[in-house]
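We call the chains A, B and C, going by the order they appear; numbering starts again at 1 in every chain.
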Amino acid sequence: MTRSFRESLLLIVGVIAAMVLSLAPFLWFVSIGFKPQVEITAIPPRLFPSDVSFTAVHEAIFTFGLMHFIKNSVIVAGCTTIVCVVVGCLAAYPLARLRIPYRRVILLGILAVAMFPQISIAGPVWRILRALGWLNTYQGLIIPYLALTLPLTVWILANFFGQLPSELEEAALVDGAGLFQVLTRVIMPLAAPGVFTAALLTFIYSWNEFFFALLIMTERDRQTLPVGIALFPGEYTMPWGEISAASTIATIPLILLVLFFQKRIIAGLTAGAVKG
Amino acid sequence: MSMRKAYSESLTGYLFLTPLLLIIVVFSLYPVVYSLFLSLHRIILSLPSLGETFVGIDNFVAFFTDPVGRNSLMVTLVFVGVSTALEICLGIMIALIIHESFRCRSVVRAAILVPWAIPTVIASQMWRFAFNDQYGIANYLVYGTNVAHYDAWLASPVSALAVIILADVWKTSSFAALIILAGLQTIPDELYEASKIDGAGAFQRFFKITLPLLKPAILVALLFRTMDAFRVFDLVFVMTQGGPGDATNVLQFYGYRKLFAEGMVGYGSAVSIVVFLLVFSVSIIYLKFIGTGILEKKEARA
Amino acid sequence: MFLNKLVITLCLCMWVSQAGASETLHFVMWKPNQPELWDRIVGIFERETGVSVIREIGPHSSTAAHALVTQKLKNRDPKLDVFMMDVTWPPEFAAAGWASSLDRFFAEEQRQDFFPGAIRACTFRGKLYGIPFWTSGGLLYYRKDLLQKYGFDPPTTWEQLVRQADTIVRGERKDNPALKGYSGQFKQYEGLVCDMQEFVLSNNGRLLDYESRKSTIGLPANLQAVRFVRDRIIGKIASRGVLTYEEPESLHVFIQGHAVFLRNWPYAWAISNDPNKSRVAGLVDITVLPHFPGGQSASTLGGWQFAMSRFSTKKQLAWTFIEFMTSPRIQKILAIDASQAPARKSVYRDPEVLEKNPHFAKLSAVFENTRPRPAMPLYPLYSAILQRFYHKAISHERSPLEKLAEQADDQVRYLLQLQEEAGM
């Protein structure tokens, strides 16, 4: 479609506005972490720093112990992602491609579970974990995360699996392959982009999750990044420089994922949502 | 396919489904039922001698008659209503922009995704600092160097709620935009061409063609955003802790305080069940409008 | 005969030393500001008694530490002998049967050396459940340079404080446009209860009569004090921003030179006089908080206490540890090396302590007047009601005080009913 001059102008203004509104607040916040301490709390505030300082970054890493929060987040988000994708693939395969009874009921049930607000399961989940002695343990957080992420993962994977042509699968079955082999040798490689998308979304979700992390990880040694940043200790001021530096470092992996895999993420978020 | 083969197929299928069902049953379904059970009892952790007596729907009655509970419900409804409405409007605008083809479109799309990818806790700290009463950028943008006029945004009931809504809109409009974009992509270009020939202007085209055809996508975006907005917690926890004077005391935060800080297990569970029922009934209403299209189409493909 | 005795003695010795070597104590504490100091004093105990102390370090915030300790006590965890208790916990822990009564270990006359407010906070229904370790209380920090410049003595009434603040802020407007008169903790959180109690009690107000089970939030004297805060302080001598401040934010305003007066705890002394952190180092002094006409200065009690788990299997040993940690000797180390305010009065008369911390002489006067927050097993709920009431009352210029107070009193009445039903 060709655009008139007015439409082009409107588009340019729109693009710029969208970019600025999306990025400017965060870029400003990032800049706080590199401002000299006196400028962070200047009244009136200064928009642009006069000098670059790495004290806050240094403080965030060494005094606040950022690396140890990152370690916990990597372990929790990483394990959640791996287990979630494995369990998700296993479950999505029969739901998308096999003839099993109550398929529809299960799919609807999964959709319903995805709607559960965290608060409605928080109390009992906490009690279960306490009974198991799993509060303040990695598995104690990973398993509730699985319960939260699996429904959408299965939904996305089933959607991707469902779109695959059936010829190869049938050929493998004729050759005498079992269903498990069909899943791992045929379906998963074919749907690799979909599997990757599901993994990405699960990772981002569990990297960012706060509510359960706050409830389950009460010991500082086990806390994940969001909890660390939300409960950032301050003695005589809110250490905004350090908070900003820690936030920047914690967000870098996510920004990279978005930059490189923007298409996959969009595909995942909209999978099954709207169909022509 | 023989009977036996079909039988073994469903057997293996269920074998594959077992881990999923196990996790969901133990850590989602059972907890909801257990919450419901707890909500019908009076359980106060710091008074163990009271025991766990069955009180029927007393906790729910207490919730709906207590001014604090009702206020919390109202705040949540205002938050959900205003933030989703704004997100959908902005989402449509963003979607229209990134649907056009222009150079560097993928860069723009990635940039718009950045707020969505940032952890909510970090976005909350960011907005909390931006609206700081002394060093915040918001005061500078509004009042310049007129220090004496600087406002404490998070100290007044209306502006505090507005700031929380703003933070939510900033963070999640792009998600709404993506869903709506997917809907836009299904509208065939020919429709526009035809109406252009008929002499319809850009606005007419938008309201006559785009909007009606986008209805399903908008409803889906609304569904997801509403469900999510009912669960707002991180923003409130970091920015206001429910204050000033309970003006941002949303249900999920209220329930969290009751359950985990005050030890009112029965009442807190009742609050959590109220959130659950709200989300569920709103979802059902939306799904009614959307129709079971999502599921049907999937079946057709499968 | 002699040989027999020798054998028995030898056996006893061996048994004692063996027992000593294998004895362990489990101790849960919150995350300390000075971990080295804790390593040191616990180390001294271990060396001198041969008991090994296994420490579990809880989270830094009181609420999170509360969650950790109560969770262990609910589980009757045998791996918990001694723990640290915040000043509002004793009634709850006593009522729930989690903390052991310490009366048989700690005689009446031994309590004389501790600040009375601190001992009162550890007492529930006439029994003692904790031994104060360090104590704290609200005090008034002020800029002695500014008060001197305008010829003011430190204010003794709130009215004086408001007038002085007004005059100074007006006089300094040109040089320091960001200067405010007052800074404190008025966010909707536990600190609000502490700050507001000081206003209310210094107007002869009363919040809770525990014995007669009556909540009196709506008492005219109380509301008068609340109204004073709403009309004269918030948005007037203090910015409206204080409604969002906890301790760190309120202190920051002060050490940036943006406040004449600050209400805070003793920890703020060292920071406001540290030239690396504070722009007003050396210009700061402290005094007791002001009061209303006819009232008396009231300072909210803070601080941490040692307590013993009722499920401990080594109560005698646990007591040895508590006794050691609260002994004058350790209290002195605490005062000199950590500048923490100990709970024993005698330490404040020690010349070595005073040489290191000259301001302790003034603190001692503050701690004599500390007032605990109302004691009740359902304190967390009670505090939530008060926080809600105060914040609503002071964050609207025309808040309906009487109506809000009535609602709050109703809510407290329900809590008192529950407690009565539970036999408290």
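One rule holds in what follows: contacts are C-beta pairs under 8 Å (C-beta built on N, C-alpha and C of every residue); 3 or more make two chains touch, one makes a residue touch a chain.
Please read all numbers here as calculations on a predicted model, not as lab measurements.
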Interface with more contacting C-beta pairs, comparing A-B to A-C: A-B
Per Cα centroids, the chain farthest from subunit A: C
Whole-Å gap between the CA centroids of subunit A and subunit C: 41
Centre-to-centre distance between subunit B and subunit A (centres being mean Cα positions), rounded to whole Å: 16
Subunit B: positions in contact with at least two other chains: 134, 147, 150, 260
Contacts with two or more other chains, residues of subunit C listed in rising order: 67, 178, 258
Subunit A residues counted as touching two or more neighbouring chains: 41, 43, 238
In the complex with subunit C, residue positions of subunit B that touch it: 44-50, 67-68, 133-134, 147-148, 150-152, 154-157, 240-246, 257, 260-264
In the complex, subunit A residues that touch subunit B: 1, 3, 7, 11, 14-15, 18-19, 21-23, 25-26, 28-29, 32, 40-45, 47, 87-88, 90-91, 93-101, 104, 106-113, 115-128, 143-144, 146-147, 150-151, 154, 158-159, 162-163, 178-180, 183, 204, 207-208, 210-211, 214-215, 225-227, 229-230, 232, 238, 240, 243-244, 247, 250-251, 254-255, 257-259, 262-263, 265-266, 269-270, 272-276
Residues of subunit A that touch subunit C when the two form their complex: 41, 43, 130, 135, 218-220, 231, 233-238
Subunit C residues within the subunit A interface of the complex: 31, 33, 57-61, 64, 67-68, 71, 75, 178, 248-249, 251-252, 255-256, 258, 267-268, 271, 277
For the subunit B and subunit A complex, residues of the former touching the latter: 1, 6, 9-10, 12-14, 16-17, 19-21, 23-24, 26-32, 34-35, 38, 93-94, 96-98, 100, 102, 106, 108-115, 117-122, 124-127, 129-130, 134-137, 139-140, 144-145, 147, 150, 170, 174-175, 178-179, 181-183, 186, 189, 192-193, 202, 216-217, 220, 224, 227, 230-231, 233-234, 237-238, 251-252, 255-256, 259-260, 265, 268-269, 271-273, 275-276, 279-280, 283, 293-295, 297-299, 301-302
